[in-house]
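Before anything else, here's the structure in question.
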Amino acid sequence: MQDIILETRGLTKQYGGVHALTDANFTLRKGEHVAIMGDNGAGKSTFVRQLTGVEQPTRGQIIFDGQEQRFAGPIAAREAGIETVFQNLALADDLDVPSNLFLGREKIRFNLGPFSILDKKAMREATMAALVKTGVKIPNLMNTIRNMSGGQRQCVAIARTAAFKSKLVIMDEPTAALGVQETAQVENIIRTLKEAGEPLILISHNMRQVFDLVDRIVVFRRGRIVANLRKEDTDGQDIVSYITGAKTGSEFESAV
Amino acid sequence: MAQTAHGIGGLTYDPAKRAKPAELNVFLALVIITSAFELIGRIFMGDSFLFNTRDNIDAIFNWQRLNIIILQVSIVGIIALGVTQVILTGGIDLSSGSVVGATAMIAMSFAQTAMVNGSPNPKAIFGEWAMDLPVLFPILVGLACGLAAGLINGFFVAYTRIPPFIATLGMMVFARGLSRWWSNGNPVSFPTESYAAIGKGMMPVVIFVTLAILFHLVLNHTRYGKHCYAIGSNEQASRMSGINVARHKLLVYAIAGMLAALAAVVLSSKNLTAQAGMGVMYELDAIAMAVIGGISLQGGRGSILGTVLGALIFGVIISGFTFLKLDAYYQEMVKGAIIVGAVVLDQWRQQRRTKG
Amino acid sequence: DGIGVSMALFDDNFLTVLRNGIQAHADANGLSVQIEDAQNDVAKQLDQINNFIASGVDAIIVNPVDTSATQAMSDAAAAAGIPLVYVNRQPINVDTLPDNQAFVASNEVESGTLETIEVCRLFKEQGKTEANVYVMMGELSNQAAVQRTADIHDVMAAGTCAVTLNIIDEQTANWSRDQAQSLMTNWLSSGTAFDGVIANNDEMAIGAIQAMKAAGLDMGTIVVGGVDATQDALAAMQAGDLDATVFQNAAGQGAGALDAAVKLAKGEAVEQKVYIPFELVTPANIDNYLSKN
Amino acid sequence: MAQTAHGIGGLTYDPAKRAKPAELNVFLALVIITSAFELIGRIFMGDSFLFNTRDNIDAIFNWQRLNIIILQVSIVGIIALGVTQVILTGGIDLSSGSVVGATAMIAMSFAQTAMVNGSPNPKAIFGEWAMDLPVLFPILVGLACGLAAGLINGFFVAYTRIPPFIATLGMMVFARGLSRWWSNGNPVSFPTESYAAIGKGMMPVVIFVTLAILFHLVLNHTRYGKHCYAIGSNEQASRMSGINVARHKLLVYAIAGMLAALAAVVLSSKNLTAQAGMGVMYELDAIAMAVIGGISLQGGRGSILGTVLGALIFGVIISGFTFLKLDAYYQEMVKGAIIVGAVVLDQWRQQRRTKG
Amino acid sequence: MQDIILETRGLTKQYGGVHALTDANFTLRKGEHVAIMGDNGAGKSTFVRQLTGVEQPTRGQIIFDGQEQRFAGPIAAREAGIETVFQNLALADDLDVPSNLFLGREKIRFNLGPFSILDKKAMREATMAALVKTGVKIPNLMNTIRNMSGGQRQCVAIARTAAFKSKLVIMDEPTAALGVQETAQVENIIRTLKEAGEPLILISHNMRQVFDLVDRIVVFRRGRIVANLRKEDTDGQDIVSYITGAKTGSEFESAV
């Protein structure tokens, strides 16, 4: 199908003896917003790490934007157009906020290869603009990330993803540490992505958020996909019973 | 929302009370140590450390003393510039001292002069063809050696992911072996005059200061510098953010290797000889300069300015001891104490700051 | 004021005796000396000389780390007009020294040669025509080690050895007794028969002896030679373990260098080259040396 | 919920496929290096590295070779046991080599015998009263020196929070100065017979192996060990969890100091002398043994078993070179390559494992 | 008053120029459960760090259990009876789960001072028991914490706090990374504490959770306490207006 941006076939990951992800078959259409839900330790972040080249899957295929891909590392995934907010945020503790926001793609004034001169002013201003959208407050942007509160850190990571164009956005529990206002702002950012037609994978434990934002919900349980439901066909109670194992999607019965 | 020059709203922020740069403490330590020598000199020896009390000289400052303070640390200082970059990325380079030894031997072999006091060079390594070559030749050969050593270090660190301690320890042992093997332990001497000019007089200081300014700018204003700090701060995060960590490390170690090689050229030129044992322990001195200058061995924190100040502290200590005629047996004991004291002072002030 | 002294290395036993000789002679004559340790680093040595010059000393004594690096030192001292005396090792610019510079040294070629010839003589005395030996070298980057090892080969090549020497293996033990013990034990574990050990210094000779005794070898039949005539070596010789060593008058060299420096500082003329010979020590003449080092 | 022997439910877990201990790789490296020497020996020299090919001996193994392999690394090995604990907590100890030197000088001064070959001890440091003392005396003096050095290191690291690199570098310089000052650089020789017995024959091996087993148990089964790993893994978290980090570090450095002192006693006894230059570079060898044994210089990961295997790799390399009669000028070059190779192998296998 | 377990007077913390906490006057009665809410970066975690001795306050007094205290470090606070789940969790990444759970107070078999022999089996069993209460699933307890998912890590930190008796429990966003089931379980743990009469300070951004669990809500804004409300006297809408600054508690007006 032409309109599929991402597909995985039989994606599997084992750590030592731990079967963290087993035979995941997943598809995402262009412009679609999908949520992944599931217990703690169900394998959601593991799935993200395989997609983004942070780890190499034990088995299975990833087809992104029409081509089979085997990302050697996160750089490859990002260059292919996947922007990710990782659960561990992936921030450099000793750098200030603008440096983190532009980590790996700094704005430059002269191109001298690796020795290109940085455009610090432009980065600072762009950082302000990107952070204001998340609603977070940071009294001093020149402080290091180490000194930021949990929510401030998370907002920096989100702003980083939102500030760059991409073909697919993945967010792993982006609002877990955010306050009421900031959560609302970030949800707005996600709605903007929807309007812009950028596809999104959202991992969240927040039922309200998921039903507010996405088109489709995929449930992970014990390393396997156990349900794949359009928002209209389900409700919170139903999802919980998939998460807890009280129910299993008919097409996935063999999986459990 | 209150959007100010330094941030976006939230808490009250008072820029006047922001944290002082860490280098200030190192500078303070330098001032204290220098003053201590001056005071002890005045009180116990009736002589001044920094000023001229000899009648036959007009100058107020004892320029000779000031010169030697910087001169004697400028060669290790050149190495320390490279080591600083390596440590910033969370690595370490134990090989620099040995690379100095090997490079000095090899470069000097191409810098020899054919005739010494009218007779053929007694230390000639190669035949006629390698004599009286243009000075650029040995310099390039030397830099190439350093580059090769650095690339090998960098390759192992970046692509096989072995600890930098081991990769560079291996190179340390290897390069020392190479420098001994090169001429079977014999020194290589009698360079051409143009080669001898590289390290003459205050040239080492000029080279050191120029490079220090250059790398200060590079670390603070280029992408290269930013990535050094990022990788040292959180390598995994840097990788996830799309920095090509392996390639960057390769570059960092290559630059460190070339700086060690440059130090070797200057050193052998200054001493008019190259010796297999040259540069022994320089790696430790270079690392110590950087650490005294406030760099964190965990990576991510430190600066060239700090390293330069650390080097100056070294220089003052060495000159101060000779000035005080301190018995060599005590010198090292006192030196050990001063090194620790300088860093304790730094640490103590930093803690006070974060507690305030 | 005072005299600055830069020693190549403090940790070396022989140089320690030399250094103590300078100190003792200075104390006896009421002179103030300041002795620095160059830690085997040519560059550090040059810096020390510059530091002495900055402090305005009357004269400088240098025990060179590298005898081919002395040109830069001579230049620095000459430019400042401060007298300079080299001690123990012959500087490479010996023939072009300025007027207010001198040297008091020994010729390293003698030490290894005396040692090797004596070891050969002892083999001959045992009635051998051919002997297999191990050679223990000092630090490979040290010129004394390189020279003393070369001396062995030169003696063999020149035919001045009384028997035919075969070197089974030639390895470094870095001047150290401990490394020499390990090296000797490693050699012993190969089981190759051998007749003697020629070591670049006494410390390594003693280490070899300790390893051989631990393995139960009869030290009466194995010839062991060293250099330096240290107290430990002389004790080993008295015990019948060490067979030959070579004495170098360290204290005498130190005192001589100091005298020369003082004279130069006063503007008096001195002999510019003073050679102090090595002396062979064997059980026969050991009594002459027991109180010298 | 499925509660099993190894966890509580959730994902499928297959204990048979669990990760192998990291020491396995180090052991593999040891086997490969040993086999390489055996093979090269058989092919190029017609001789065996490990087995006896001499007719006059019955034993199958060349016991002498096996003994020397362990013997020659057991003294540095004792130091490495202490260094391992220090590195586990995320620290480093650069002072151990110098502490060996200083301790050997001081301990030996109280272990001298009055008469040598019938004449008074020519190297006597103290008067009659210090001659022929009971052997326990010099041992206790030595251990006290090591303890003092360790406590000073530990004090600075734990209570002033300066980087361990600097604290122990200061002690390294200080202790080396002390050992030179002690007897103006003269060696201290001629110990009593009972002192000489401490390091005689295979005694160093016995001491090393006993201590290795002891500390293996301590690190794996006591609170002390658990806290070493915890602090190295996350010092801040350990502090927040109520571990008295400062006190623990003091203890760790004190133990490391005592082990260095013990190594000094054994070393001076084995050599029947103490010299100011003893132990130079031992600290680097000890650290290298630990790192080859798989310890992480970041702290938190590693084991005594690994360090022992790392020491054995060192021993095999040294013996193997002598066995092959490799030219001394090449030895260091090859040694550098082997050290790197051993760790590359280790790293490569570990990566394969996590990728699997 | 006899029944006050914790009181702070004028507690203030500045980092460089950042005024992270200003003049906090806070009281907690025995057996009372209080929630702290507020924007990201409002100073909530800073407040916790001052209470627990992790940092030294710039100014102000802490009165705990009737005595003025100035905890030199977290050890002192814990010894005084304060158990804390920190926002950064304070786990040792290279240790396995039981080691982390008992970090700093290992079960021992023989007391030999620092060299006491560990009772590994007892610790493993106690760990299982404590973790089951949080509802988390962990396939292999002997894996290091580094290899645990975000929620698994958080559950270990919570289990650690709940497993030991204390005079005061502080939890800084304990359920941020937890799934639906695990959150419910942890809320049950908190209810058990209430029944046992152990006082609690809960930091949370989750309005439903706060109203379900606590007696009183304190709101932080820009480093200051701006409201102190009994649950019965307020509602979610009201709290949000305090958080955003639309409203300020009458007794705190001078504060802003």
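As written, the chain order gives the labels A, B, C, D and E, with residue 1 at the start of each chain.
Methods note: a residue touches a chain if its C-beta (ideal position, glycine included) is under 8 Å from a C-beta of that chain, and two chains touch if they have at least 3 such contacts.
Source: prediction; values computed, not measured.
Contacts with chain B and chain D are shared by A, C, E.
Counting steps between touching chains, the shortest path from chain A to chain D takes 1.
Ranked by how far their CA centres sit from the centre of chain B, the chains are topped by E. Taking each chain's centre as the mean of its C-alpha atoms, chain A lies 28 Å from chain E. Note on chain placement: the centre of chain A and the centre of chain C lie 71 Å apart, centres being C-alpha means.
Rounded to whole angstrom units, the spacing between the C-alpha centres of chain C and chain D is 32. Separating the centre of chain A from that of chain B, both taken as means of CA atoms, is a distance of 44 Å.
Multi-chain contact residues, meaning those touching two or more other chains, occur in chain D at positions 10-13, 15, 18, 180, 184-185, 329, 331.
Shown for chain E are the residues in touch with two or more other chains, namely 15-18, 39, 41-42, 88, 136-140.
Of all residues in chain C, those touching 2 or more other chains are 10, 37, 140, listed in ascending order. Pairwise, the chains that make contact are A-B, A-D, A-E, B-C, B-D, B-E, C-D, D-E.
Listing the residues of chain B that touch chain A in their complex gives 1, 3, 6-13, 15, 18, 218, 221-224, 226-227, 229-230, 232-234, 236-244, 248, 251, 300-301.
For chain D in complex with chain A, the residues that touch the partner chain are 10-19, 353-356. Those residues of chain D lying in contact with chain C across their complex are 47, 52, 54, 57, 62, 64-65, 67-68, 71-72, 75, 116-117, 119, 122-123, 180, 184-187, 189-190, 200-201, 267, 270-273, 275-278, 280, 318-319, 322-323, 325, 328-329, 331.
Residues 15-18, 38-42, 44-45, 87-88, 136-140, 143, 147-152, 154-155, 173, 176-183, 205, 207, 240, 243-244 of chain E are the ones touching chain A in the complex. On the chain C side of its complex with chain B, the touching residues are 2, 4, 10, 32, 34-37, 39-43, 46-48, 50-56, 65-69, 71-72, 92, 95-96, 139-143, 145-146.
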